[in-house]
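In the part that follows, the structures are each spelled out as structure tokens.
In the two complexes that follow, chain A is the common piece, with chain B as its partner first and chain C second.
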Partner chain A sequence: MNYNFRFNALLPYTGEILRGVGLTLQLTLLTAVIGLAIGLFVALASSSERAALRVPARIYVEAIRNTPLLVQLFLVFFGLPSLGIRLDASVAAMVGLSINVGAYAGEILRAGFQSVRSSQVEAGRSLGLTAGQTFRHVVLFPAIKAIYPALASQFVLLLLATSVVSSIGAADLFHQAAFIDSRTYRSFESYALITLAYLILTLAFRALLSAIYWLVFVRRSRP
Partner chain B sequence: MLKHLSRIVSAVLLAGAVTVAPALAADLQQIISAGKVRIGVPVDVAPFGSNDASNQPVGLDVDMANAIAKALGVTLELQQITGANRVPYLATDKLDIVIAAMGATPERALQISFTSPYAALSSGVFGPDSIAVTKPEELTDQTVAVARGTTQDLLLTKLAPNANIQRYDDDATAAAAFTSGQAQLLATADIVAKDMMDKNPALQLKPKFIMEFSPCYIGVQQGAPELLHWLNTYVHLGMRDGSLSALSEKWIGTKLPALPTI
Partner chain C sequence: MIREFSPADVVYMLAAARWTVALALFAMVGGGLIGMLVAVLRIVAFRPANWVARAYINLIQGTPLLGQLFVFFFGLPLLGIQVGAWEAAALSLSIYASAFFAEIWRGSLQSVSPRQWEAGAALGLTYVQRLTHVVLPQAVRIAVPPTVGFLMQLVKDTSLTALIGFIELTRASQIISAATFAPLPVYGTAAAIYFVICFSLSRLSQRLEKRSHAAR
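Here is the complex of A and B:
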């Protein structure tokens, strides 16, 4: 129980760590936005009366939520080239993660839409709002406000899940730590450092999500 | 105290020397007059020595053993051995010659004698004909898959600083990156490249350049100088006429370079 920490050994690899942080952040932010967009479509399609929309949406959601993320990433990265679609590791990571997050965000948003009573929609329409206006002000906005905490947790989980993409060779933060470990044999230091980095990233990301909530929902609803 | 200790140590060393002292080795003339040579080949090291579907020993070392027996003009008594008993089989006079993908070390050379190298395992970069790369310095935009932290990774990082290296968790994933077309080249051991091509003939894993060679040596009992010299002559001639290189290409997939002799 007497380990000599030598973080100095990692100093030559500062560039790698920073690049890793960059890709992890980029993946998280882009994927959160794309995933939210996919989720919105999926939630609308899932709540649709028409089976032609509802059934494919349900199949997508169930297929993604009941298979491992790692397998989905391997399918995109190693499988799609057989169909002539060759994506770079970081692009494949973004595509795979977006498809994954889209399904979860879709389910969360669907729950939000269901929380809005149909009588409120009818009330909106009878006040003279168009169908689009009703959807925006009466359904979408209150729905997102209601499920915002769940959505925010999902995005934080997304940030943590990006560590899986190193398996397909994308040079994210975890990938860089494994690389540094393979060069310095300082496993404890390498992984302790990125544990701290992930912690800081996650806390910063949570703060960002709270700020967005305050800007969009709290400040706006003030009289 | 120290004197006492050194006495014990030398007694132990002496005892060790006595027990590992080789039985009188059969030298070249005894082998020829006996009309048979006992050669050990690996049982579990493809492509050097393993058993085929009909349980017959096959491999580079098996071919080598047959060729040596033929050149000696005697019958071959083939014995399949494992890595652990390569040296003991010779040291206890159960075999005359061991051809078993064996690397030479000073420790092993205390107990047996090594000929000049007859084959080599190599680490290199492999890929299709369409990619014209012959040196590490020529690697720039081409993507090379490698398993992170392996000898190949360390060598490639050092030799080709401008290369676009994709690092994967293990050999299988790096190989998958190549077979799926995600990487244009694969840095691996030559026997792995050969094995992949044998299993999937659609793959093209031609050696682009070799980064490192690990030579393999024939082992003989100590106290058989004429046999050792004859084998060295045989290896030397095989190197010169290209037959050893052809053997290497047949089983390992790469040509044999000029290896330093012992």
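Here is the complex of A and C:
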């Protein structure tokens, strides 16, 4: 092997990399929140007794979970304009990712709600809580505690999956790899560095998510 | 020249979908072999081996597959190995899959109660006999549904290889979409083909899971 690795050729682009980190984190957090909101609706709809709510929710979840994110993004970014809906690359990225996460979060939340036994709900109602109060205090909090680990690893997967949006031209961390590559012609170094940057992001994100779990669930449940 | 999106294009896409399936199967076999090794390294009673295996799993699961694809695509030629898109795709998907298989199988092995090992020892079985006759049959039963479930994940992940230029279903769709300017029906068709493959696999995984519960 007679290739000279020149990672220092990438040094002038530190600013671009940091900007990419910021964009990727923004995209991850925003789509996680929107996806969670979609997921909550989907979970409630798919455990509903009314078929008019349940069936569309199931179709949505199965359609999203059984097709690749990349094709979903292509449909949103390249497909929707022929229906007259023209979205900016970054908006299309957000819409596509949110729809994607919504389905996965919906499935996780549904499993969580089902893990709370119906006798618990009846107990809550017989204590005089309203349906809304029972849902909030008896179902939601324990359910979220039970599914938090699954949800957390879904969000870590989301952070990694955001790299795909670079393929429709949205600016994120992975997009910077292509940009730096085009400026320096150091393909391997650019992609290796950006890939390792994701590793640091994931490790930090995982640590943050565990810290939140500890703060919200472990400390609170202590007497 | 812009032409219509025709049935011939659907046939072309179905033909390309064979490469999607081939790539997923290759990654399953390749990833399965590496994954088995990593799973063993992860649980043997030798700390440094555990650390190496954990570092490997964290590295692979902590970086995007897209990044791994590009690193292999540009990195292997630097080692003097000339690779095309297929080789880079097959290798990186195998490595990617191996980290997940290792974790799935480690979990399955460890979910067999340690008492089973003790019971085997009490019956006078050797270590290998205990492994092959007592623990593995139970672990395999637990491992099959999530393994099939991950295979479906793998089919979806092969779509990313389109971005390094490997012609599978997604790349074929891009090509046809560029020729016909009909992205909605083209990508819709691609999504439908993926759906048929993945939905069958996820149903299979669910049925296997039900059966393994019934057997217990």
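The rule is simple: the second predicted complex is superposed on the first by the 220 of 223 C-alpha atoms of A that agree within 3 Å, B and C clash if a C-alpha of one lies under 4 Å from a C-alpha of the other, contacts with A are read in each partner's own complex, and residues count from 1 in each chain.
Just so we're on the same page, a contact is a pair of C-beta atoms (placed from the backbone, for glycine too) under 8 Å apart; a residue touches a chain by one contact, two chains touch by 3 or more.
Keep in mind that what you see is a predicted model, and the values were worked out from it rather than measured.
By the document's definition of touching, both partners, chain B and chain C, reach A:S167. When the shared chain is aligned, chain C comes close enough to touch A:T195, but chain B does not. By the document's definition of touching, of the two partners only chain C reaches A:E62; chain B does not.
Within the superposed three-chain model, A:F78 lies in touch with chain B and with chain C [touch as defined at top]. When the two complexes are overlaid on their common chain A, residue A:S182 makes contact with chain B while staying clear of chain C. Set side by side, chain B and chain C differ in how many residues of chain A they touch, and the one touching more is C. The residues of chain A shared by its contacts with chain B and with chain C are 78-79, 81-82, 166-167.
Chain C makes touch with chain A in their complex at residues 58-59, 62-68, 70-71, 74-75, 78-80, 152, 156-157, 159-160, 162-163, 170, 173-174, 177, 182-184, 187-188, 190-191, 194-195, 198-199, 202.
Considering their complex, residues 77-79, 81-82, 86, 89, 166-169, 175, 178-179, 181-183 of chain A touch chain B. Residues of chain B touching chain A in their complex: 145, 148-149, 153, 166-169, 173, 176-177, 180-182.
By the touch criterion stated above, chain A contacts chain C in their complex at residues 1, 3, 62-63, 65-72, 74-75, 78-83, 160-161, 163-164, 166-167, 174, 177, 187-188, 191-192, 194-196, 198-199, 202-203.
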